[in-house]
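Chain IDs A, B, C and D follow the sequence of writing; residue 1 opens each chain.
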Amino acid sequence: MKFSWKAYVRSDAFSSFMSSLMAIVVGLFIGFLVLLVSNPSQAVRGFGAILFGGLTDMKNLGQVFYFATPIIMTGLSFGFANKTGLFNIGAAGQFIVGAYAAVYVGVKWTSLPGHTHWMVALMAALLAGALWGLVPGILKAYFNVNEVIACIMMNYIGMYAVNYMVVKTVFDSLRNQSLRVAATAVIPKAGLDKLFITGNSPSSVNAGIFIAILAGIVIYVVLDKTRFGYELKACGYNRDAARYAGINEKRSIVLSMAIAGALAGLGGALLYLAGAGKSIEVVDVLAIEGFNGIPVALLGLSHPLGILLSGIFVAYLTVGGFNMQLYNFVPQVIEIIIAVIIYFSAFALLLKGFIQAYLKKKDRPLEEAKALAADAGSTEKGGGVE
Amino acid sequence: ACGSPAPAPAPSEEPAGETEAAAEGISDDGTFELALITDIGTIDDKSFNQGSWEGLRDYAVDNGISHKYYQPSEKSTDAYLSAIELAVRGGAKVIVTPGFLFEEPIFIAQDQYPDTHFILIDGVPHNEDYTEFRTEPNVVGVLYAEEQAGFLAGYAAVKDGSRSLGFMGGMAVPAVVRFGYGFVQGAEYAAEELGLAAGDVTINYHYTGGFDATPEVQTLAASWYQSGVDTIFACGGAVGNSVMAAAEQAGAKVVGVDIDQSGESETVITSAMKGLGASVYSTLEAFYAGSFPGGETIVMDASNDGVALPMATSRFESFSQADYDAIFEMLVNDSDGIASSMLKDNDVDSAGAIPTEIVTVTLVN
Amino acid sequence: MNTIYFLVQQTMFFSIPLLIVALGGMFSERSGVVNIALEGIMIVGAFSGILFINTFQAALPGQPILLLAILIAALSGMLISLTHAYASVNMKANQVISGTAINMFAPAFAIYVARMLRTVQQIPFMNQFRIASVPVLGQIPVVGDLFFTNTYLTTYLGFIILVLSWFVLYNTRFGLRLRSCGEHPQAADSVGINVVRIRYAGVLISGALAGIGGLVFVIPTSTNFNATVSGYGFLALAVLIFGQWKPSRILVAAFFFGLMKTIAAAYSGIPFLATLGVPNDVYKMIPYLTTLVVLAFTSKTSQAPKAAGVPYDKGSR
Amino acid sequence: MAYIIEMCNITKEFPGIVANDDITLQLKKGEIHALLGENGAGKSTLMSVLFGLYQPEKGIIKKNGEVVRIENPNDSNRLGIGMVHQHFKLVHNFTVLENIILGAETVAGGRLQTKAAADSVQKLSERYGLKVDIHARIADISVGMQQRVEILKMLYRQNEILIFDEPTAVLTPQEIDELMKIMKELVSEGKTILFITHKLNEIKKVADRCSVLRKGKYIGTVTVADTSMEEMSEMMVGRKVNLMIEKNPAKTGDVIARVQELSIRNRLTHKMVVNNVSFEVRAGEIVCLAGIEGNGQSELVYAITGLLQPDAGTIEMNGEDITHLPIRKRNEKGMSHIPEDRHKHGLVLDFNLGFNLVLQRYFREPFQQSGFLQYDKIYEYADELIGKFDIRSGRGSRTDARSMSGGNQQKAIVAREIDRNPDFLIAVQPTRGLDVGAIEYIHRKLVEERDQGKAILLVSLELDEVMNLSDRILVIYEGEIVASLDPKTVTVQELGLYMAGSKRGELA
C-alpha cells in the first residue's frame, strides 16, 4: 500500500497523536505561567531552557537518551500490561529487584568473560523482574486477587528484600550502598560517549538506549504482529471471550505480568549498569523510576512506539529542567509541567472527538456525496465509525 | 542529607536560604561566583547541606558576592559531575560540595576544571575503588572529628543522670558511625568517672536506614522510650523530627545533631554540633585572601572549635558549663590520649565491639 | 500490659489515617470514580494544614488550631480532587491518568510553593496537639490507658468519620444513590438521579477525607512536613480493596495494617520480639506478605463497585 | 378523542445515524398501544426521548394537549410516565425494595425510611399479583421476577403512562400470559400502556392500536383488530416475511454427542444445578433443550463446551470421552458454540470484525505463520465470510465489533461458528432480541446445517422457536431432564407446563 498523507491525517493514529500534542502544548503553557508567577524577569530564559536545554550541546542531548532509558523500560512495562488489560503499578518493585540481580551478578560473577558479563547481568535482571511480576500474575489468574493491590504489596516486599540482600551480599558499608559493579559488567558505550560529548565531559549515555529501543520494537511486534500478542490482547479486552475461544487465559495473565516485570527489571539493570556511578542505596524508599513509567506510558497512549517517543520527551524535559537551575528556578517546575501534560492527556478522548469532528466538517461535502452514492447501493447503513 | 555539619549559631526556625532569590544576588552578567551542589538532600536538610550552605551564604552576603546552589538530577557520580559542570557554566569560581558522595566526582573534577576551586566537605578525593587518593591544589578537603562531638554528647547525658540511652543513626555512613562510636565512648567515660557498676548504663544502638522523618522511626523511638530509654541521640537529619515527636509523647529526651536543634522541640537537651558553616566561611575567606589551603585536608575537632555542645541553649539538669569546659579542655589537650585513642569508624566493626566495661550496648537491626 | 497499651496507642497513629483515607477512597469508588490520587491528595491536605499551623501556631492555642487545620486540609483536598472529578466526570477521561497526574503534581507543588513562601521545602510545626490524658475518661482503668491517654483529637475524629461514613452509606438517601451510581449509573439515571452530581460529591468527599488523612498522618509522627506521606495513600488504596469497599471491613483492614506496621517498627522495644533475632527487613515485610496471603484466600468473591472506573456516558448502552 | 400523550415530529440523531426521523406518535388514554419495528428502527430511542433520557433535536411532546418539557426522568416521573427498560435498570447488589425506592426515597431526620415503603410495595405486589421477595437481592432472583420489580417501580411512583420496552423477550409463555393479564388490568384501571415487542401474536393479543417504525421513520398506525399479522410484518420490514420455517423431515445418522449422568454443583451455594442429566444428539437432527431461564441449561452448555468442569458424569463426542479436554481441543475436534451472551463470550468487542471472525482459528495456518499473524489472510477470509453471511457493518472487516448492531454481531458469531464446519453445533438462544428478518435468516442457516448432517443442540426459551425448529425436545427443569417430546405431537400449552415443572414425562 502506498502511504497517503491525506489518509493518515484522517486516521485514528493521527488524531491520537494530535491530542497528545495538544496536551503537551497546554502543559508547557501552564508551566510557563508558573515560571511567570514565580520569577517574571527570568521566565522567558527559564522557559527557553526547558524547551531547548536538551539541545544546547551534544552532552545534553546524550543525557536525554540516558534519562530516557530506564523510564522507557518502566513505561513499556506499564504500557504492555495495560494493553493486555492489567494495571501494573508494581514496576517499582520489579525495577529494583532487577537492579539488584544485575548488580549482584555485576559484583560477584567476575569470572565471566568480559563481553558476556554484562549480558548475563541483564539476563539476571530480566528473570528477577519477571519473577516479581509473576507473583501478582499468579495471584490474579488463580486467586482473583486484584493486581493493583498485589503489585503495591510486591513493591514494598521487593524494596525490603533488596535492602536486606544488598547488605548481606554486595554492601559498601562506607557509603551505605551497593558495591560498584566490575568494569566488565558495565554496559558498553558503543561509541556514544565519543559522539555525545561536550568539551571533555562525555554524557552518561550508553548502549542501554539501544536495548530500550529494541525492547520497544520487540514489544510492538509481539503485541501487534504475533499470535501470542493476539492472545494477550484478547485476554486483556475480554477475558471470558478469550476463554471461550480456547485461549488459556490464566496462562496469558501470568505471562503478561511476567513480561511486564521483566521489562521493568531490565530497566533496573540498564540504570545501575550504566557506568554512571550509581549504586543501590539501602533506603526505605520505593524506586521512583517505577512510578515515572506510568506517565510515560500514558502519554505514549500505551503504544510501544509511542512510549519510546514519550520517554525521550519526558527525559528531554528533565534535562531542560536541570539546566533551568541556571535561571534560578526549582527543578520541580518540570514535574508540575509533566503532571499537567498527563492530566490533559487524559482528555485525549474528547480532544480526539473535537479533532475528528473538525476534520469531518472540512470533509463534509465530500462525505455527503459518498454517502449518497452508498445509499443508492445498500439498504442498511450500519457500522458507525465513531 | 545526613548526619553531619553546621555550627549555625541561631536555632532559627527557618534555617536555610532566608530569601534565596533575593540573597542569591545574580551578578550583572547573570553568573554565580560561589556555588554549592547539594547531594541527594536539600539545603534545608538540617544537616551538612544546610550547614555548608549557611556558611557559604553568610560569606557571600557579608561580602556581596553572587551565589547559588544546584541540585543534581540524580544520585550518581555522573550526575554530580554534570551539576559541577552546570555550576562552572554558571560562572562559579569556588564550588562547595558537601558529603562524602562527592569524593569521587571531585577526584575527577579537580583535573577537569583546574581553574575552579572546590571545598569538599566530609571527604577526601579518591578514585572509584579507593586505590588512589589525590588532592590537587584547587581542592581542599574538610573532615570532622564527629566522634568527639558524639563523645561530648554521650558524656554529658550520662553525667546529667541518664542511664538508659539510645542511638538512632540515619544511614551507617562514616560520619554517622563516628558520631555513634563517640557517643558510646563518652557514655562509658562518664560512667567510669561516676563509678557506676557494669550494666548500669545501657545503650540501644540502631541505624534507621534513611534520613527522613517517618512514622516507622517515630514508632521505634516510642517503643524505646516505652521500654525505659530516657534519652535518644537522633543522629541523621530529619530522623530527629520523628524521634522528637516520640519524645514529646513519652516526656523523654533527645540529643540533636550537627546543628543546634534546641529550637525544634522542648525535648532536645543538647546537640552534638560540628562546625560546618564556620569552616566553609573561613575557607572562603582564605580563598579571597589568596591563601586557599589547596591540596590539603583540614581536620576540624575540639582543638580548632570544629565540634561543640551548645551549652547556652542546653537543657541539662545538673551538667554544668564548668563540667563541659573541663571535658572539652581534656579533648583539646588530648589528656591521657583521650582524643587520640578514641575509636573511629574503621577501628571496630560495630558499636558492639567497642570495649566497654560499664555501658552495655544492644545492637538493634 | 504497658507494652499492650503502647502497641494500641501507637497502632492508632498508623491506622487512623489509613482508615480515614480509605473511607475517602470508598466514597469515590462507590460513586463510580476510581481514585488512585489518594496519595497526592494526602500530600496537598497535609501541606496546606501544616502550612496553616506553621503560620498561626504562635497566635492560637493547640486544639482550636488543629481543628482549623483539619478544615483547611479538607478544603484543599477537595479543591485538588475537583480536578479529578472534572476530568473523570465531565471529560469522561481515563480516571487512572488523571489520578496519576495528581500524584505527580502534589509533591512538586508542595515543594514549589514551600520554597516560594518559605524559601525551604520543609515546613516545621510545633506539636501542641497531643492529649496526655483525656479528662475523666483517661482515668478509667485499662480502657483509659488503651484509648484515652497519649492520644490526639484526630483519633476520635477518625472514629467519628467511620461511624458517619457507615451511617451515610447505608442509612441515607445520599448513600443509597451514591452506591447505585457506582454499581449501575444507567439505572440511577433512569430514576432521575443526577449521576454527575453524585459522582462529584463522591470524589469531593474522598478529597476532603484524604486531605484530612494526610494531616492526621503527619501530626503525631513528625515535627515537620517534607512533601511526602511515604506511600500511605497507596496503602490506603490497598486497605480499601482489602476492606472490600465496606466501612466495617475497612476498619478491620486499617487496624490490621496499622498493627502490623507498628510491630514491624517497634519490635526492638518489645521484649519477646526483640530476642527472636529476626532481621529488621523481614519484620518490615510482614504486613505486605500477610496481606498477600490473606488476599489469596479472600479474593475469590471480590465486591468492587461494578461501574467504578467507567466514565458515565448517558448515551452508552 | 383527546390524546393523553402526543409526541410530535420527533427527530433524534446519534453520531452517524438518525435514530428518529420526524416521528409522530399519539397515545389515547386507557389504551394499549404497540410499537413495532425492526432492530434498530428507533423504538427504544423514541421511548427514551419520552422518558427524558434523551433530548430530541426537533419536535415537541404534549400531555393532555399541553406542551411539556421532559429533560430528565424526574420530569417524566412528575408527568406520570414510567418505563420498563429493554435492558433492566436494576442495581444487582441492591435488594428489591432498595431498587424500587431508589430515586423516590422518603427521608425523615436524614434517615431513609424503608418501613413504610416496604408496606406499600407489599400492598402493590399483592394487588397486582406481582409476587416478589422485597428483601431478596436482585442478583439472586430470576429474570421474570426482575421484571416484576421494574413494573413495581412504576406502580410505586404512581405512574399512569407505562412504557414496556420488549418486556416479553425474556419471559416464559406462562410469564408472558401473566404479564398480559396484568397489562390489561392496569389499563382497566385507567392507565395507558405503550408496549414494544417483536412478537406479533402478543400484539394481536393485547394491543388496541399499533404504530410501526422502520429505519427511524414513522410508517403508520393501525387498529390491531383490523390488521393481520402478515400486514403488520410487511409494514415493519417493507417486504413479505416468511414466519414459518420450511424444513424436511430429519435424516438422522450416528450419535455425535452423548452426555451421561452429568451433574454440576454451584460453586458458591453448593446446590445441584445440573442433576444426573443424560441425552444424545445424532447427526442430522436438531435437539432442543427447552426450559425456563435458570434451570441449569447454561451450566449444562458450559460443561459440554468446556467452560466449566462438571462434578460427575461424562461427555462424549464422536465416541471419544471429552469430559476433561480443554476448550481448544474440543473446538479442534469439531464442536462449535454460539454462546448465550454474545458480549460476554461471543465477541472481543474491542477487536475488529476480522479479528473476531478468526477467534478460534488465528493460531492455524494460513492466519498465522511461525508465530506471526498474517493480516492479509485474516482479512481476506473475513471479507469472504462477510459476503457469504451478509454481515453488515460500516468498514467491513475493519469495523470495531463494538460499533456493530446487535443483529449483525449475532450474524458474525453464527457465521464464524458455522463456517468452522462443525460436527456438533451448540446454539444457545441464537435469536434473542433479534427482529423477524434476522431470525428468519438464522433459522434458515440452522436448518441448512442440519440437512448437511450436523448434530445441533439448540437451547431456547422461545416456544415458537422450539416448536418450529426442533426435531426432538428435551425439557429441563431444576437441573433435570423431565421430558423428551416430539414437536409434532406436543402442544405449546403442554410444553409450557413441562417447562414450569407442573408436569413430568416419560423419558425416551
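The definition used in the following text is that a residue touches a chain if its C-beta (ideal position, glycine included) is under 8 Å from a C-beta of that chain, and two chains touch if they have at least 3 such contacts.
This one's a predicted model, so the numbers in the text were calculated from it and none came from an experiment.
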By label order, what chains touch chain B and chain C together? A
Report which of A-D and C-D is connected by more C-beta pairs in contact. A-D
By CA centroid distance, what chain is farthest from chain A? D
Where the CA atoms of chain B average out and where those of chain D average out, how many Å apart are those spots? 77
Calculate how many whole Å lie between the centre of chain C and the centre of chain D, each centre taken as the average of the chain's C-alpha atoms. 45
Taking the mean of the CA coordinates per chain, how far is chain A from chain C in Å? 29
Any chance you could list the residues of chain B touching two or more other chains? 20, 212, 214, 216
Where in chain A do residues touch two or more of the other chains? 163, 284
Two or more other chains are touched by the chain C residues 115, 279, 284, 301
The chain pairs that touch are A-B, A-C, A-D, B-C, C-D
In their shared complex, chain A is touched by residues of chain C numbered 83, 87, 91-94, 96-98, 100-105, 107-109, 111-112, 115-116, 231, 234-235, 237-238, 241-242, 279, 281-282, 284-285, 288-289, 291-292, 295-297, 299-302, 304
Residues on chain B engaged by chain A in the complex (per definition of touch): 20-21, 24, 26, 68, 70-71, 73-82, 85-86, 89-90, 100-101, 104-105, 112, 128-129, 171-174, 209-210, 212, 214, 216
In the complex formed with chain B, which residues of chain A make contact? 39, 59, 63, 67, 163, 173-176, 180, 200-201, 204, 276-279, 281-285, 318-319, 322-323, 325-326, 328, 331
Going by the contact rule at the top, pick out the chain D residues touching chain C in the complex. 14, 51, 53-54, 72-74, 77, 83, 85, 87, 89-94, 98-99, 101-105, 107, 110-112, 153, 268
Considering only the defined contacts, which chain C positions touch chain D in the complex? 171-173, 175-177, 179-180, 183-184, 186-194, 301, 303, 306, 314-315, 317
